[in-house]
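Structure in structure tokens, see below.
Chains here go by letter, A, B, C and D, matching the order in which they are written, and residues are numbered from 1 within each.
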Amino acid sequence: MPLLKVDHMTKNFGGLVAVDDLSFNVEPNSIVGLIGPNGAGKTTVFNCITGNYTPEAGSITFDGQSIKGLRPHKIVELGIARTFQSIRLFSDLPSIENVLAGRHCRMKAGMLSCLFHAPSQKKEEEASVERCMEELAFVGLAHHWQDPAGSLSYGNQRLLEIARALASDPKLLILDEPAGGMNEQETKALVDTILAIRKRNITILLIEHDMRLVMKICEKLLVLEHGSLIAKGEPSSVRNDPAVIEAYLGSDANKW
Amino acid sequence: MEQFLQQLLNGIAVGGIYALVALGYTMVYGVLKLINFAHGDLFTIGAYLGLTLLVSAGIAGALPLFAAILLVFIMVALFVALIGFLLERTAYRPLRSAGRLSAVVSALGASIFFQNAIMLIYEPRVYVFPDFLRPTFTISLFGFTFPGIRLFIVGVSILLMLLLWAFIQKTRVGTAIQAVAIDQDAARLVGINVNKIISLVFLIGPGLGGIAGLMVGLYYGQIDFTMGWGYGLKAFIAAILGGIGNIPGAMLGGFLLGIIEALAAGYISMAWKDAIAFFVLIVILIVRPTGILGERTAEKL
Amino acid sequence: MHDTTAAHHFHAEKNKTVGRFFEHNKRSVFYVALILLFAAFPLTGSSYWIDLGVNIGFYTLLALSLNVILGQAGIFNMGHMAFYGVGAYVTAILNTVWHWPVFWTMPLAGCAAGLFAAIVARPIIHLRGDYLLIVTIGIVEIVRIALLNDIGGLTGGSNGIFGISRPVLFGFKIVKPIHFYYLVWGMVAVSYLLFYMMRRSRFGRALNYIKTDDVAAEGCGIDVAHYKLLAFVLGATWAGMTGSIYAAKMTTIAPESFNFMESCIIFAVVILGGGSQLGVLISALLFIGLPEIFRQFNDFRMLLFGLAMMLMMIWRPQGILPMRPRLYAVSKKLFSGAKESTSKGQEKIA
Amino acid sequence: MKKLLLLLLLCCLIPALCQAETLKIGLMCPLTGKWASEGHDMKNIVSLLVEERNNLGGVQGKTIELIVEDDAGDPRTAALAAQKLSSAEVVAVIGTYGSAVTEASQSIFDEAGIVQIATGSTSVRLTEKELPLFFRTCPRDDAQGLAAAEAIAKRGFKKVAILHDNSSYAKGLAEESRNELKKLGVGVIFFDALTPGERDYNAILTKLKTADPDLIFFTGYYPETGMLLRQKKEMGWNVAMMGGDAANHQDLVKIAGVDAAKGYFFVSPPLPQDLNSKAAKDFLASYKEKYKSEPVSVWAVLAGDAYKAIESAFALKHSDAKSIAGYLHKLSGLQGFSGDLGFDAKGDRIGKFYRTYTVNGEGKFVIENE
């Protein structure tokens, strides 16, 4: 059974069809890349899955449960965590608190126990801080734990977003251009981090323009143009698909 | 039915004034995202200054009435614009980088300051425009009789709205104002002097407020130093109702608020009139979260 | 090479933690001194100064409760007086009609205000910035007009309600300004502590995430609407309880005490405070103290106050004291683990 | 900034240190806020009277010291002003305007043992509490309601529309009048409130017109009364209109215009300029000399009456609050600026002194002789 199943999904903005009758599956423990030229509707697909947009038609099933129309926080709770294309960290807050934001939905302390710092709340708080430090360490940012997120380098901010997403114990991690703005060295480290995430039995769905990265780590590629799927399959076969070459040559060929 | 039409006319007359005050409000908001709570008091200054110039300074006696009033309108607009300009320079500009709410608090302070300054300069009593200044012709249309000045006020506010709208849409400076409203940094990058544009906006907005104040004085004949607070609040509601930052929206919001109030007073309860108006506003905002003509931009992710 | 850098980081961390500890103690000393100062104040002043102190206390309580909504969660609420008024009227009605002791009505007044907030805020909490601002102004005006129009014949119209009895605490009747002074400032101390603890918890953090970026917060798994509502209800409940004591202090209340202008003042207190509770306290002191200090200038009193309001904002555009970062006890053991993985990360890159 | 604040603090403390042998009385009035004009008139009148007395050598060989505090027309500020006056150890306080505001100060003065004479606080319940040290020089709403109802009945109106402004004064008067009219068998066909402080009452007048009354009784203040008269005239609606004592202000006619105001009538205690007594005439002369105008509001004049009562107590060597109160409770027939002055056991002003005024063709208030 696929972990995520998108079925005949359509999303319009006014008169514009951003996603057109799209269907695809994401199998458990795989790394799937969603690629396509700029404006193909990739991020819109992500936003529909994460609940930021509600598609007009079709269905989205995650782990056997329909998630269409649920609010984003609910979807995170069910196990889909995401990063944003334009980094959206809480830039004034220290890194550790950014990661704690991801942990929030796994914590239980209610308003009253927060006001009075009940013993259970204290215990949970300690455990969560520890867990979040581990996530920071996992992406290699432990020593930045109390630096404001906004003070980190661009590449580190992307890693911090990943740590924040990981803290919510996701089954599926959705990365929107994780290597955007990274230099070559950082990208290499990112590849290792993504592979390490997979080792934790977390499925990954990513949008990326860096084709070398995509080819290296993705087991399956989905190619999107004008909101429709024009090709899917293993990287090697997709690479030679004439429709894909046409789409990319037509617009953004240098990205190959 | 006749009562209904009469109430509709009453509402439009009141709404015209709300719209006029709301124009200046929305203009400042559109560019700076600042709720200028002092706008109502600039409006009051316009009314007092007009009275002083016309009566105490004797302009009304020195010139033919129509010319005198026109001249005083221009003088009031210029003077209140100057106050608005200075206000922005001293009380708002230092706070521009500090977030919008700091400037809102400063604006509240300015409102208290102006209100008390007027009270101290003049006396804390009601001032009355002498009768000879008030045009008292009446118009009969379709069986309704109403003071001509009502029509005049509605006409002037529509005219000013159109002028302002044309200025913003059709001129180079207007385009620059729009650019600053959308993104100050980007506007600066393309060579627009943002400070100058903001100063200009703070000349136009308060100038309009001053004109509105004098019109209220001439029409109703009675002014006092606290009147700006109420009109300012109503204008803010009107601007929000139409979609704040939007010039035709301010106009629409003003008229709509006037009509809602008149109908509420006429058909439901006079004492609850303002509460009903607020209630309608809240309901409209629940249905249309950015006002009637407000832009509904999808959050970019 | 990287080993030494990591070690260096570790030492720096340790020093920072030690530094924080001293800072923490310095803060304790400061707060003890502050409490002593407030406790000793009535011994020196006349009843006028004490009464002024009580007034400042009321505004501090209101501002602390609004700080949860506006300062922590970033919800533009300019109608806080509505909840204060609901609390005051609930106490007044229960006390004068059914003769409940004032202290019994206090939790109920708080709950009533909280419930009222929950009902009115539910449909509007998703509104953004200024639209929410005008709606909250609308709420405070609707409440005032409703009280003025004597809803259900209970609120007494513009006359308000009079003859509210004084509260009795363990057989001790609270009558004089000095009694109220200790009662109100005791409540301030409790609220200060509770809200401080709240800020250092999952709940407090969630509010800060929402204030910074509500879309990102929702995307991280935080139920934004729920937490906004909770903050609103918590703040309103506190304002309601404050209103309850206010009614007992004044013994007579009228709708005009809960108007829009007063809401603006509270709003300004919170903004000038800058988000931190100490800032809010200082700000309340300034806002309520200044008009009284300006009393000798008679007619010029409010003129100077308006001027001072502008000057204070220009003097401190970000507020008097911005929020301090929270402290986290990150254990040593964790750090040695962190150090390892850091070096691992660096190896990978190399 | 900090130094400035310190300096201000010092300024506040210094006056408290140096005090000579004086008789201290307080005046609490709205110097800022929406009722500031009343407060300024009150301050003008009382300080003029104090000055005159001190120029004549004071009373009991001591000068009278007047301490003025602003209550801003707001109960909370009033409570603080009352505390401030209590701390200043005054024996008696004049003020204030507005029943809710007065009420907020009542218990403070009572607990501090200070005589309070309210001037513009007509709510019935203020004296029903029977506080021993509380008095008022203004009449109560029920007295005025009776006077108004009698005036209406005498003129033979049958269908009255009562309009108030939701202020505690106007609503009190409206309700008392409705009760009295019912007793006299006059029909009240409309009863509602308008929002004070607005300019445009056309919507309200349009609604009133459909009710078709033969008299509109608006119990609120003169600015709204003026606007109602003016807009009623503009509508071309000729219906009689009357008011209560809050309409007794010279600006009324200016706001309404002479034509629109003609025929309007109201019940009110008389202003000094309408009285023939020596006290009223002397006062009017010195007021005109000092302020170059006539007192415009009856409420401010009532503050003068309150001062007159306190001064007469001082003159008879009553100098502590208890004996002053004892004296005042028995006082009657003292010449005040608005007629004879005296108090009953509750502290209410005795005597029936309501008059009916009508606006004549020149826009002057003409008092009707009863």
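Heads up, the rule we're going with is that a contact is a pair of C-beta atoms (placed from the backbone, for glycine too) under 8 Å apart; a residue touches a chain by one contact, two chains touch by 3 or more.
Fair warning: this is a prediction, and the values are worked out from it, not measured in the lab.
Counting hops between chains that touch, how far apart are subunit A and subunit C?
Contact-graph shortest path, subunit A to subunit C, evaluates to 1.
Pick the pair with more C-beta contacts: B-C or C-D?
Ranking B-C and C-D by C-beta contacts puts B-C first.
What chain lies farthest away from subunit D once each centre is taken as the mean of the Cα atoms?
Checked the centroid distances; the maximum from subunit D is A.
Measuring from CA centroids, which chain ends up nearest the centre of the complete protein set?
Looking at where each chain's C-alpha mean falls, the closest to the middle is C.
Measuring from the mean C-alpha position of subunit A to the mean C-alpha position of subunit B, what distance in angstrom results?
Inter-chain centre distance comes to 48 Å.
Compute the distance, rounded to whole Å, between the mean C-alpha positions of subunit A and subunit D.
So the centre of subunit A lies 72 Å away from the centre of subunit D.
How many angstrom between the C-alpha centroids of subunit C and subunit B?
The separation of the two C-alpha centroids amounts to 34 Å.
Can you compute the centre-to-centre distance for subunit C and subunit D, using the mean CA position of each chain? Integer Å is fine.
So the centre of subunit C lies 39 Å away from the centre of subunit D.
Would you mind listing the residues of subunit A that make contact with two or more other chains?
52, 84, 88
So which bits of subunit C are touching at least two other chains?
148-149, 215, 299, 302
Among the residues of subunit D, which are close enough to touch at least two other chains?
32-33, 36, 40, 166, 193
Write out the stretch or stretches of subunit C touching subunit A in their complex.
Contact set of subunit C toward subunit A: 6, 9, 13, 16, 194-195, 197-198, 200-206, 208-209, 212-213, 215-225, 230, 234, 325-326, 328-331, 334-335, 337-342, 344-346, 348-349.
Please give the residue numbers of subunit B that touch subunit C in the complex, ascending.
For this pair, the touching residues of subunit B are 29, 33, 35, 37, 90-91, 94-95, 97-106, 108-117, 119-120, 229, 233, 236-237, 240, 244, 271-272, 274-275, 278-279, 281-282, 285-286, 289-291, 299, 301.
Mind listing the subunit D positions that touch subunit B in their complex?
So the residues of subunit D touching subunit B come out as 32-34, 36-37, 39-40, 166, 192-195, 197-200, 202-204, 206-207, 210, 222-223, 226-227, 230, 234-236, 251, 254-255, 257-258, 296.
Of all residues in subunit C, which touch subunit B in the complex?
On the subunit C side, the touching residues are 76, 123-124, 126-131, 133-135, 137-139, 141-142, 145-146, 148-149, 215, 260-261, 264, 267-268, 271-272, 299-300, 302-303, 305-310, 312-314, 317-319.
Quick check: in the complex, which residue numbers of subunit A touch subunit C?
Those in contact with subunit C are residues 50, 52, 71-74, 76-77, 81-82, 84, 88-94, 96-97, 100-102, 104-105, 107, 109, 111, 114-117, 121, 124-126, 128-130, 133-134, 136-140, 142-143, 145-146, 164-165, 168, 185-186, 188-189, 192.
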